[in-house]
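Quick notes on the structure that follows.
A, B, C, D and E label the chains in the order they appear, each numbered from 1.
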Amino acid sequence: MTDSFEPVIVGFTCNWCSYRAADAAGTARMKYAPNVRLIRLMCSGRLDPTFVMKALASGADGVLITGCHPGDCHYIDQNYKALRRFLLLRRTLKGLGVEPERIKLVWASAAEGLKLTNEINAFVEEIRALGPLHWPKWDSNGHTAEKQPILEVTA
Amino acid sequence: MSEKKPKIGVYVCHCGSNIAGMVDVEAVRDWAQAALGQDGVVVSRDYKFMCSSLGQELIEKDIQELGLERVVVAACSPHLHEKTFRTASERAGLNPYLTELVSIREQVSWVHTDKQVATEKSKALVSGAVHRVAYNTELQPLKVPINPNTLVVGGGIAGIQAALEIANAGFHVYLVEREPSIGGHMAQFDKTFPTLDCSACILTPRMVEAGTHPNITLLTWSEVISVSGYVGNFNVTIKKKARYVNEELCTGCGICVEKCPQKVIDDVYEAGLGYRKVIYTPFAQAVPKYPVLDRPNCTFFKNGKCKACEKFCPTNAIDFTQEDQYLNVEVGNIILATGYDLFDARRVTNYGYGRLPNVFTSLEFERMSNAAGPTGGEITLRDGKTKPETVGIIHCVGSRDKNFNNYCSSICCMQSLKFAHLVKERTGATVYEFYIDMRTPMKAYDEFYQRVLEEGTLFVRGKVAEVTNATHGPHEKGKLIIQVEDTLVGKQRRIPVDMVILSVGMEPRHDAKQVGQMFGISCSSDGWYIERHPKLDPVTTMTEGILIAGCASGPKDIPASVAQGAAAAARVLDKILQKEVELEPIRATVDESKCSGCRICNNLCPFNAISFLDDVGVTRINPALCQGCGTCVAACPAGAISGTGFSNEQIFAQIEGLLMGV
Amino acid sequence: MAAAETVLTQGAGLKKPEDLTLLREVAEATAGVSHLEMCIQCGTCGGSCPSAADMDHTPRALFAMLRAGMREEVLRSNTPWICVSCYHCVVRCPQEVHIADVMYTLKSMAIKAKKYTDSKPPDFSQTFVGMVETFGRSFELGLATRFYLTHQPLRLPGMAGMGLGMLTKKRMNLAPTRIKNIEQLKAILEKAKTLELTA
Amino acid sequence: MNKYLFYPGCSMEGSARAYYESLKAIQPPLALELEEIEDWNCCGATEYLSINLIPAYSLIARNLALAAQQKNGTDTVMAPCSACYLNLEKADYYMAERPALGEKVNEALAAGGLHYDPGTLQIRHLVDVIINDIGLETVKSKVVRPLTGLRVAPYLGCMVPRPDFAKRWSDHEHPSELDDLMKALGAEVIDFPMKTSCCGGHMTQIGPETAYELIRRLVAAAEEHQADIMVTMCPMCQMNLDAYQGETNRHFGTNYHMPIVFFTQLMAVAFGIDPKQAGFGLELVSAKEALARIGLNVPEEAKPAAPRRKPEGLPMPKPLPKKYASGQAVAEE
Amino acid sequence: MSEKPKFAMYWAASCGGCEISVLNIGEKILDVDAHFEPVFWPVAVDSKYKDVEAMEDGSILLTLWNGGIRNQENEHIAHLLRRKSKILVAFGSCATEGCVPGLANLYPVEEIFSTAYHTVSTDNPQGIHPQPVVQVPEGTLTIPAMNPVLKTLAQVVDVDYFMPGCPPEPHQIAAVIDLVIAVLEGKAQLPPKGAVIGAGNSTVCDECPRARNVKHITAFKRIQDVAPLDPTLCILEQGVPCNGPATRSGCNARCPRVGAQCIGCYGPAEGVLDYGARLITAFASVVDAKEPEEIEAILDGIPDPVGQFYRFNLADSLLRAGVPAWKKNGH
């Protein structure tokens, strides 16, 4: 493992809580690791497991999923659905050879900028410890190609 | 992706030095032009303040002259300026939903410390948005009519103010109050700081006005039990608890109260310090004037005998058969002015409240000093006779303390100063104030502090460690001992007093969370309702059509609560006068040719927007009910549901863009 | 940040340069998360302390001195040695400062720096620890006699009645008890003595 | 049958013998099974922490590691001594709160072939176990000699209700557990305002003037509230208030006589057990009068004789040699 | 009589079921014979690779390719037939998405070999381990080398149409033949390139006769543990993980009709990027629990999520599952 490994993490945020928590963290000038790139969804319930797979397949080393605290969902209780999907996805990823620790679900309300930044910092370190996500070598001639474009999508 | 790329313009904002101080804005601009050219970027510019009118004109000009089909602005959070830039695009003839805002301020420049890394992250975020925006589609906002009626929940001073403002503008208000009378906490106070106005004298006229206003339907002794619908079109069910008094017939003469033989401790209005009858109006100036019968304590309901109230009622208004009523009302906007609970001082066991008789709470003291209160305004010990010679007032009880509430309750310093003044004025006692910091920042507040200093109140800087009856010697016998470090002296002191007043803080209502969930708004970690923006939008919430005023969003004094009530009313009136409201066109739709009728999605929608059509065996989504969360979109195993604004294609493209070059 | 720490400012009214690393040093050497930096100087600790009257500074004042970098004065203070570990201040502190644990840290720092003014308390602790390290158990009689002989011979006459009472009632054993695997304990403590708690 | 791993602590065999004996006496009626942690060592009291942090916590953690190995159908360690209870709980808590501490302690433990993962064990005090596991109803059902008319001042001391990392106690300042237990025995319980105030701790040794004042306050408050007897759950509190009450009287010129015994002793007599078997008579401030109020006579043990000729009447062991040959000066237990 | 258009069919890494399925079209096979000249069809016609190599590029009108690309030979022939064919159809699940052979992508090749040749279930007293190149007295023998992973046909060459199914249903094969004949006769148009043919647009539930309700799953069970299975009610609603909701229609709900859960052989529905993800989200969406522990307990009823969600689709999934990352890190 090289010392200079900087994990790349895609984060999915809920428009109503965690995205605003990120705004709040910014407004309060809280400093945190720059490794997470956020995507705004309307709700953690929108999180299709495909997004996570797509992110991992496209080069992310980890995926952070954030939503409102249980019981606080802007859409009543959709975050519970996110929770269920997350749990089943994590099991499946393990079977697929991706360490389940590479995905993390965090509840952060709009008021919890500090919590969000702490979670981000912790997650970046966890992923750093895991190292880069390794992919199967694809070249049929046995050449060890570097990370392949994984986006060969059949119709 | 072989289809022709739409022409995209990228605009990177310096935000003065807010962004440019930590992000190499020019580098991002150049990179977008060079690296994202193949993805459709035809122009990339930077500007000092993109949100200024000159910045906006830059974008408008490019749309018109270069024929831009998509716009990406890298600046601040979309929650601040998305509307600004979308409106600018619209002025130039581009559908507003074809413009995306990337947050490189809140998410980059303000939170990172390495300029190079921050610049790289900005590029990635811009790339994500560029890839995404190519898949944005033209959308039209959904317009729905606004019902001009308004529901105000909570009849304290904030709710009364809000209701009156709206009613005076000519629109109808349902004012719902859980207690038998409106007035809230303010009705319990004796004097108000810093002016020492008589609280009742200034409040009563407002209460009467609210009670008699033709545009206000006053529903006291009532609670909202369910809410459905959305901005402009809420459907609310209100439970009107049985009063056992026919409001049509009652004249409020008070004979029933007089004749009722049963007395109970009044835990609400008198804060447990006084008594009331079982059939009662909480206080003389109560609005409405009709009494309420307290069923669990009523002798008739318990033993089947008594009915004294009925016998003596001159208008036959007592009705023991009355039942709870359920009203359905339709309103366009809702203002929650649900107020606060007092911190329960018994939790600070080292202050002895509940164990040591002569430890009082601030509300008990308010009642005691009120001429209409249980002692007729006499300040006495718990025995009801003895005047205290020495009184200690303790600040920050339950506030600014990680064991209880972290926040400052903001009113306690002033309230304590008011108490010191009243004690001095009424008893001439020696008064100590124990404080951590004196906080007197509003108009004429510090002047009041000066006045109380002048009156000879003894200020001790130190958070009181304990109030005890355990003596260290005969000189302390029979006294309450306040043990405290006088931090300005650097020594521990034990100060014997006769009476202790705990200036207890404010807490969110015990049921704030459940009430919030019913109305679809959330609470901060402290439990107060979260405003849309703490500075710029303090009376609206994340949920369109639900507003908050007064202490529901945090501790406030009377002037601030009144201002918020009026502000919330102004926001509601603005909505009503627009007659319609535009909703974000983020909605889910089902491609019925792909839907197999598996019914996986059928239990997912809390807004009942999803229905199954038995005859054709497919699921359909009602766009008026859909709130756009996207949970069903994510769930559909057949990929038959798609969501506007956040489509799979948009998200996939954004992921690819974010990770470009990784 | 780093620059600010290395620059020693001449504090107004303080004779020595301020030592701005002191607070952090104490916090890091304290078990648990001390929250020492969170002190708002409210005085709850000083007000709660049952033995505050005998302290030269209240705990609150001591924390202010830590902030001001007054290393010498803090380590010479009798305050930590007067602390009776009653935890009243700990549970009442509105900022959750682990006051009692900070006192332990200050004591061990004072011992290491040999700064304490009264040698009784550290000697008592060390005598106690010596017994424990030797036997694995405490030995009240040995502790008492040895400690009193060294430090408070004048107190012995007064104590005799009590000591005799304890002995006749068999509440003090004449000989120490020793654990079986004392070698294991010694190995653990030897190793532990080579370790230090840092961030 | 309620079963626990048992950490007696050093004082149970010495100054708090009455506690140990009465505990043994009430075990059968309460169906309380205790399995002593094999080869436990001293917890270091409040002393080791003052000297050196990592060794202090390693000393405590050796007990936790041994207990975790021994787990025999239970993961709860019961400690009757307040200081031991606090130290064990504190080590468990801080090793988790400050992972760096946990790592260092385990590094040290490894030198003895041991390891402890914080959170493995529950650390509980005897009173907590009696009230919450065995239950007051069971206690009541065993009472054959109710303590009717005996005015008891419940005195918990500091280290059990505070800092209370695991939030097991009803309050830090005025917890009700000991009151409830005494009421279950039929005693008249006074609202003792100093029930969690400090007894002086080790200040009786190193700063007696400080300690005497704290002892005086407690005894005075008990007397002011007309208590017949104080009841405690802490060996240190009992020792300070009992053994140093005479010293305190001498220091202030007062004449307090306030017996203080362990709660288990009162439980035992309420359960009909002979006072002697319950450790009565071992206290220096005699509880005879108090027991007489419930119709019990205590056999008087040998009274401490007045010091003979020389003031240095205490038998003096020799100063500790630098090194101990194993087993020589050590008594078999 | 003009020369008949040329037809080819090839069998790569697959079980052979696809070939049988072609024969299962019954008398329709005569239409094939009437309209096409089979020039390369190892199961039915004796022709050699060199014969194909000798053909003109683009001279074969229609090639049905079944099987995944597992070794160098498969890959070589795929390129060859692509060159020679006008229309190349990935025929059956192996060719379109990898199918069961694709599950081997969870393991490195060495592990596959050691499992196949050196475990207790293998009778291999001499410990033979195949080598791509072997020296024998007679000279050098070569056999095609295994690729590191199995690929779908489209991952190797350009594919015109995809025909899912394990195997494709005879009635769907017949329909496709009819379509091609109609095109030849100028009566119909070919679908756009890249289309899925011989299947529906929706999912299996569309063709399933079982009654369906709003779903609340409190436990997932194996089908043999639900006795008796209600013959009229949705299988998923009875707690048996049925892949029907996410699997492309076209089989006429063959398995659910006879009381077996759909295992997903027709692959993802139109436009779906990852088949397994659709099932994860669908199953998780109907789990009736809110507490993590309860949810986990219900999910324990799906002991092998990869097998459940990717039995046919692994080689075509987004993550494809190569060597587990933690194994690699250990090296």
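In the analysis below, a contact is a pair of C-beta atoms (placed from the backbone, for glycine too) under 8 Å apart; a residue touches a chain by one contact, two chains touch by 3 or more.
Being a predicted model, the structure only gives us computed values, none of them experimental.
J.: In contact with chain A and with chain E at once: which chains are those? Just list them.
T.: For chain A paired with chain E, the chains in contact with each are B, in label order.
J.: If you walk from chain to touching chain, how few steps can bring you from chain B to chain D?
T.: Between chain B and chain D, the shortest chain-hopping route counts 1.
J.: In terms of C-beta pairs in contact, which two chains are most connected?
T.: C-D
J.: Would you mind checking which chain's C-alpha centre is most distant from the centre of chain B?
T.: E
J.: Central chain, going by Cα centroids?
T.: A
J.: Tell me which chain's centre, taken as the mean of its C-alpha atoms, is farthest from chain C.
T.: For chain C, the chain whose C-alpha mean is farthest off is E.
J.: How many angstrom lie between the CA centroids of chain A and chain D, rounded to a whole number?
T.: Distance between chain centres: 52 Å.
J.: Could you grab the centroid distance between chain B and chain E? Build each centroid from C-alpha atoms only and quote it in angstrom.
T.: Whole-Å distance between the two chain centres: 57.
J.: I'd like the Å distance between the centres of chain A and chain C, where a centre is the mean of that chain's Cα atoms.
T.: Each chain reduced to its C-alpha mean, chain A and chain C end up 47 Å apart.
J.: For chain A, jot down the residues that touch at least 2 other chains.
T.: 48, 50, 54, 77, 81, 85
J.: Indicate the residues of chain C shared as contacts by at least two other chains.
T.: Those would be 53, 88, 91-92.
J.: In chain D, what residues contact two or more other chains?
T.: Where chain D meets two or more other chains at a single residue, that happens at 172-173, 197.
J.: Which pairs of chains touch each other?
T.: Every pair of chains in contact is listed here: A-B, A-E, B-C, B-D, B-E, C-D.
J.: Sort out for me which residues of chain A touch chain E in the complex.
T.: Its residues touching chain E are 1, 48-50, 53-54, 56-57, 70, 77, 80-81, 83-85, 87-89, 91-93, 95-99, 130-131, 133-140, 142, 150, 152-155.
J.: In their complex, what parts of chain B are in touch with chain E?
T.: Result: residues 593-604, 612, 617, 631, 634-640, 648, 652 of chain B touch chain E.
J.: Which chain B residues qualify as touching chain A in the complex?
T.: 77-79, 103, 105-108, 110-114, 117-118, 121, 124-125, 128, 513, 517, 520, 522-525, 530, 542-543, 586, 604, 606-607, 627-631, 633-635, 643, 645-646, 648, 651-652, 654-656, 658-659, 662
J.: Using the touch definition up top, name the residues of chain D that touch chain B in the complex.
T.: Against chain B, chain D makes touches at 171-174, 191, 193-194, 197, 217, 220-221, 224.
J.: Would you tell me which residues of chain C are touching chain B in their complex?
T.: By the definition above, chain C touches chain B via 40-49, 52-53, 57-58, 60-61, 88-89, 91-92, 94-96.
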